[in-house]
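Chain nomenclature is as follows: A, B, C, D and E, assigned in order of appearance, with residue numbering initiated at 1 for each chain independently.
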Amino acid sequence: MAHLELQDVHVRYGKAHALKGISLSVEKGEIYGVIGPNGAGKTTMLNAIAGFVDYDGTVTYDGTDLAAVSSQQIVRDGLVYCTEDRDLFPFFSVHENLLMGAQFRDDRDGVADDLEMVYELFPRLDERREQEAETMSGGEQQMLAIGRALMSDPDMLMLDEPTIGLAPVIIQDISAAIERLQNEGLTILLAEQNSTFALRHAERLSLIETGEIELEGTSDEFHDNEYVREAYVGVH
Amino acid sequence: MFLGATGAAAVTTSLAGCLGGISGDDDDVFRIGHLGPTEMEMGRGAARSAELAVDELNDNGGVLGRDVELLSEDTGGEPTEGERVAENLVQQDNVDLLVGTFVSEVTQGIIDFVAEVDVPFLITGSADPDTITQNHGEDYDHYKNIFRTGPINSDLQAEGMADYAAHLNDEYGWDNFSILADDAAWTTSFRDILPEQIEATEGLSVVHEDRMSVETDNFTSFLDDADDADADVVFRFIAHGGAAGFTSTWAQNEYPFALEGVSVPGMSPEFWDATEGACLYETTSQSGAGGVAPLTDRTMDFVDAYEAEFEDEGPPSKPMYMGFNSYDAVLFYAEAAANADTVDYESDLDAIIDAMLDLEFTGAAGEMSLYGPDEEYPHDVRETRTADGVISNFPVTQWQEDGDDGVVECVYPREDATADHVEPEWL
Amino acid sequence: MSSATDRLSTVTGRLDQSLQPLADGFNRLVGDYVGELNGLQFALVFGSLAAVLTAPFWGTFGLVRAMTVAAIWAIFAMSWDIQSGYTGYISFGHSVLSGAAAYTTAMLVHNVDPELSMAITIPVSILAALVVGLLIALPSLRLSGPYFSLITFVAVLIFYRLIPSFSAYTGGETGIQSVEVFTYDPIARYYYMIVPMLVIAVVLTVIARSNIGLILVSIRENEAAVNAAGIDATKFKIFSFALSSIPMGIGGVLLVHFTGGVDPTTFIVVDRSIEMIAMAVLGGMSSILGPLGGAFFLIVLRDYILTDLAGLSSPARWTIFWGLVLAVLVFVREGLFRKLWHTLERYGGGQP
Amino acid sequence: MSLLEIDGVTKRFGGLVAVNDVSFEIDRGEIVGLIGPNGSGKSTVFNCIMSIYDVTDGSITFDGTDITDHRTHEVVNSGLSRVSQESNPIESMPVAGNIQLFTLPNSVTSLRGGASDEEIYEYAARVDIEDKLREMPDELPHADVRRLEIAKALATEPDLLLLDEPFAGMNQAEITELAATFERFREEGITIVIVDHNMGGLMNLVDRAIVINNGDKLMEGTPTQVTEDPRVQKAYLGTAEET
Amino acid sequence: MISQLLSILVLGAMISAVYALIAIGFTMIFGVGGVLNLAHGALIMIGAFAYLGLTSSAGALSLPPVVGFVLAVAITAGASYVLYAGLVTYIEDNIVITFLATVVVALLLTELIIIQFGAEPSQLIPVVPGSIYLEAVGTRIRYVELVAFIVSWIAIGLLWYYVTKTDEGRSILATSMSTRGAELTGVDLGTVKSRTWLIAGAFAGIAGVFIGTLQSTTPEMWLNPLALAFIIVVIGGIGSIKGSVVAAYLIGYLETASIEILGPSFQGVLSLIVLAAVLLVLPHGLYGRELVHE
């Protein structure tokens, strides 16, 4: 059974048809990439999975139909979402932001362990425990967003454009973190316009254009695909 | 735009007869319109008192053989609402007499209309002297249908208050006075005349004066200032809701001075409960003396009748000052009309006015007669005076202790007093 | 749709078609300026107009008096609407505008010269409303959303509290009661109020249906788009306040010459602003005629039906008044008269 | 003289430098691409030109006039119009009304100015939505909503059109069609600057491209020069040695 | 002069604490739900009248003041919750409708209070009677003022602990900063909002009893605290608890000083003018922050 499965998911905003029947499945432990241009529907898809927009079709997570599950319960069930906007708590310190990620958890020891884990994963956060999130750089904020999501003790992480607007050196840090999380068995659904970044991490990918999956395959298949190379990787 | 409207008006005025209520039915009933803030105790007491007067008239065969009907309207204490109900009473209900109005703004708001339509109007609540004096002075003929039958106007009240100050000085030797007045029309005389009049008595001085916005509900600074000025007595003139707060602040802090003057909320028979007893020792002047002293032969009969009739209908349990005045006004007018042998103000207004000006009447609040057109206060009720010339129809009442409860006693003038004035025990 | 409504619309459709020629005539004549009507809507508008114009010939004194007051309040509600309803910048401060006009009249009479002619006091008072309107608008329109509403609310409180502070000129809490009324004749008085109201209603409707109305609505819907269209949204926001201030001033002058005086409770206190808003909302915001209908509905209800007919006490009346407004806010957000209007559209026979 | 001249424009938000000392020029009749990865500051440049933001430093000259401190509506009236990335038509008005708004004069005394129905039809026809004038915006498919945004911009009769990600969310056929439309605009005498985050769709359309990365102008040149430049590749790929 | 300053210092400190309570409740509701609750003053009125009904010696219950106080606070908290769950949840998507509806609720409550209690002002029994004379300061302080001061600060302290040291409380602050962020961390928005309204209601209840005792208890009493809440919250920065406390003291002192120095006829005007100035110069207030809810 797939960890997360979408079957024929449609999203409509008025007459605009933002998702036109997306089906895909993510297996436990893998990194699944979704690439595509601006406005293709990647974020809409993640929002649908997280319960932030209404959709037709079914989304199942560990066999549970998510249609009837509230967005906060989805988080509590281990499917945690890092949005493109990051949605941090701007006037909370790094530490408080991280604590918020674990606010629903009762296992004090687990929370303490996870805190240490996050600080170890992102030493930059460790150095800035008391700094307000608002005053941090884009890269640090992205780390904090991922760290906060990890504090919810997820089984699966949905990352939307984690590299957006970041300097290459920071992207490397994020890359390293994602690799390490994968090694620890976390499942990741990664939506990226930065196709190179996505191809580098994902084992399998989908290409979404105008709300539809145009192409699905392994990262090698994507690498060799002429269309993808030309349109998205920016390499001739 | 306005020219257009004027043109239209000229045409339609002649069609006035079409407007349902205006032609109306003028039958053989003598209708009295009573105006007051009947959601408030003062207005309710007045409306009930007018009702008692009307019952009394009907029991005695009505006015000139006509049945008397009372139409009581709530002004809400607001000029616009007062105007609306006054117009309705006159234009739609065809009342033959208007009685009442408590708030000066309401009185002023309707006075031009009432002058226009000639319906006799007896003011029984507002004490601002200008309301009557100024209008009659300017255009007597236009305003001649308007009277005040009680209380005495506040110029006279101020004189009475100065007499009372001298009395307090005799009793206790208090000689430093403070005057705190609401920033409202009815207190003008107390602010303008009273200080001089107090200081006219040898040895008395006014050491502190201030006016309080009716929005004020924090009185600490006023009382502190009076205290700093070493006042022995604070005369406060207060009609707005903060009175209870004023009293409580004074009582709980045990300020070292007596609280006297006029407190309209303090006249409520329920004020003891409202202040949880904090009003102990405070006094207020009020016509009718709170219904505790037999001012005339009529007083206690009226109060007893009121209590019997309305004891189950909630506060106020006594008529309050405007009740006395409204009761007296209805009976006063009935007697004048009987003397003039007409209630038809449209044709016989002058006869009615003459009869009223000639009338010497014993009311529940005291002996009543009116100033003539050429006197200082035309159509205003005359003060009564004791043998030594002291104004006597503005008695002072005090909240005193009665076991766990409070009781109102009349403490001044001596002739009508039911108990001695008591000074606060912390002095 | 159920068959009952179907049958109803057959009947109303026929009625609509029989009136359509009249409506068509109207549309050809002025439809471009005030909007087009179908037969039923034509009947509603002109039926109401006829009823309003002839009220003194069939109404009782109490009803006509209520409608006299309603005419003034309709001016307020419509004026509020052209500014707040259209631009979405909700003002809680409009009672200050009518108050400014009324106080100017009263203070001129009281402090300057009791014999001052209305030919002077009226224009000066309307100008005063405009000046105060701009005084409030210029700084506060820099703010948006709730901040704008808050500062207009505060404007009311400031004026309300300044009045007792300067009681020597303003008459304090008591106000000034020495203003001359136009007339006590109830019929003449009625037309004194109704005629300006109708003129204002037509003028505001024409403006609302013009480019200006379109731009004001666009400011409400998407202010950035207005600027992107090369139109100075700020200028139009200020203009809408000015446009609103003038009829507010006229209404204030009418009211002061109706009541014969001013006082803060009748003119300034924030409840009065909220009543205007309530009328506009109940009728249907951003439609000019909706607020007019709302004003007549609420005032006739409060001052005639609940008092003269039902004989309720003042708190009971107000309880019903506010309860009704609350219910409309929650359940009929678009307003009663707009809903009626659209219903007529639906039940009409042909194309509107 | 160039039509639009951006000279040393810098925009700071608090401590964040969104645009750093960027200069470039656009000549009359050109179609220029302004490209760079997401979040690099391209839209901020547009917002500075349109006076949505005040620039921190630098100047913007349009057709010989310094418009740096002009307000948005003045910028528009001087002949610049922008189609933003997000579509937000006024939902309560039909397509025709949305276009009409953009033709109205900036005058509080003009009750009935603005474009005639025929003119509105023409604007709509230029982007092929002339048959949808009576429809409400929320009834339109995505591509038509985008076209409406362009029609609105056209209705201000611009000399220079700024297009922010015009192809977002469109399929290849729609992109091709829209690119042809832009070519037509050029023939009608409109100069165009297009923001896009990748070169793919722009390659055949633009004469020149200006690359922005992390708020800095990286380079400018022909499409071929740009795509082959190693600095550009590095900016796009995160690290150059990948792939 | 010195004694006047001292008395401003002392009296201002007392009343400002109560003002802070009023403002905090108002600001929290705005922060968390984006709702400007114009019925906040009416909740304060409910607190005062609940206490009156429970403790008045003329009433049926005549409960001891302390018991009445606790119950009045509970009733107000409940009323606040009912206002949220029974009305605001259905309309909060439209800020204008919410704005209007809450002020209409206040006006409606005014009439209901008049029907139940009459239009006349009532005096509340002080929770603790009596007063002390501060010789050095030259003013008197009623014990109830001291109690108001202490209780208010205890309430503020407890709230501070709750929102900074507990997950549940921190979620309230977090939601006020970013609703989406809260959802992403598994916060149940409905629960957070309900708690916020309960807390705001409880604070309004406490403030209501003290404002009612120290100032006046009338059916019109809601407007003044509401105006204060605005003024303080806007000056302090909407959504900021710290800003509310600081601005409450600013306004409390300003009012006290203007009464002591200028006299009471300008009470309120000064703070309104300060408010207008702050709005125009610093639209986001002293501790203002760009808001999520606009």
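Note that a contact is a pair of C-beta atoms (placed from the backbone, for glycine too) under 8 Å apart; a residue touches a chain by one contact, two chains touch by 3 or more.
Quick caveat, the model's predicted, so the values are computed rather than measured.
A.B. asks: I need the common contact partners of chain C and chain E, sorted by label.
C.D. replies: Under the touch definition, chain C and chain E have B as mutual neighbours.
A.B. asks: Any chance you could name the chains that touch chain B and chain D both?
C.D. replies: C
A.B. asks: Would you indicate which pair of chains has the most C-beta pairs in contact?
C.D. replies: Going pair by pair, the biggest contact count turns up for B-C.
A.B. asks: From the centre of chain E, which other chain's Cα mean sits the farthest off?
C.D. replies: Farthest chain from chain E, going by C-alpha centroids: D.
A.B. asks: What's the farthest chain from chain A if centres are computed as the mean of the Cα atoms?
C.D. replies: B
A.B. asks: Quick one: report the Å distance separating chain D from chain E, using the average Cα coordinate of each chain.
C.D. replies: Those two chain centres are 49 Å apart.
A.B. asks: Between chain C and chain D, what distance separates the C-alpha centroids? Give it in angstrom.
C.D. replies: Centres of chain C and chain D (C-alpha means) sit 43 Å apart.
A.B. asks: Report, in whole Å, the distance between the mean C-alpha point of chain B and the mean C-alpha point of chain C.
C.D. replies: For chain B versus chain C, the centre distance works out to 39 Å.
A.B. asks: Enumerate the residues of chain B that touch no fewer than two other chains.
C.D. replies: In chain B, 39, 183, 213, 215 touch at least two other chains.
A.B. asks: In chain C, what residues contact two or more other chains?
C.D. replies: 161, 164-165, 315
A.B. asks: Mark out which residues of chain E touch at least two other chains, giving numbers and ranges.
C.D. replies: Residues 114, 119, 265, 267-268 of chain E each touch two or more of the other chains.
A.B. asks: Can you list every touching chain pair?
C.D. replies: The complete list of chain pairs in contact reads A-D, A-E, B-C, B-E, C-D, C-E.
A.B. asks: Along chain C, where are the residues that touch chain B in the complex?
C.D. replies: These residues of chain C touch chain B: 56-57, 59-65, 69, 118, 122, 161, 164-165, 167, 172-175, 177, 181, 183-192, 195-196, 199, 259-261, 263, 265-266, 303, 308, 313-315.
A.B. asks: What residues of chain B sit close enough to touch chain C in their complex?
C.D. replies: 1-2, 4-6, 8-10, 12-13, 15-16, 18-22, 38-39, 74, 76, 78-81, 83-84, 87-88, 91-92, 104-105, 108-109, 111-113, 116-117, 183-185, 213-215
A.B. asks: Mind listing the chain E positions that touch chain A in their complex?
C.D. replies: For this pair, the touching residues of chain E are 167-168, 170-171, 173-174, 177-178, 180-189, 289.
A.B. asks: Would you pull the chain C residues touching chain D in the complex into a rising list?
C.D. replies: On the chain C side, the touching residues are 32, 206-207, 210-212, 214-215, 217-218, 221-222, 224-233, 235-236, 239.
A.B. asks: Could you pull out which chain D residues touch chain C in their complex?
C.D. replies: Chain D residues touching chain C: 50, 52, 71-74, 76-77, 81-82, 84, 88-93, 97, 100-106, 108, 110-114, 152-153, 155-156.
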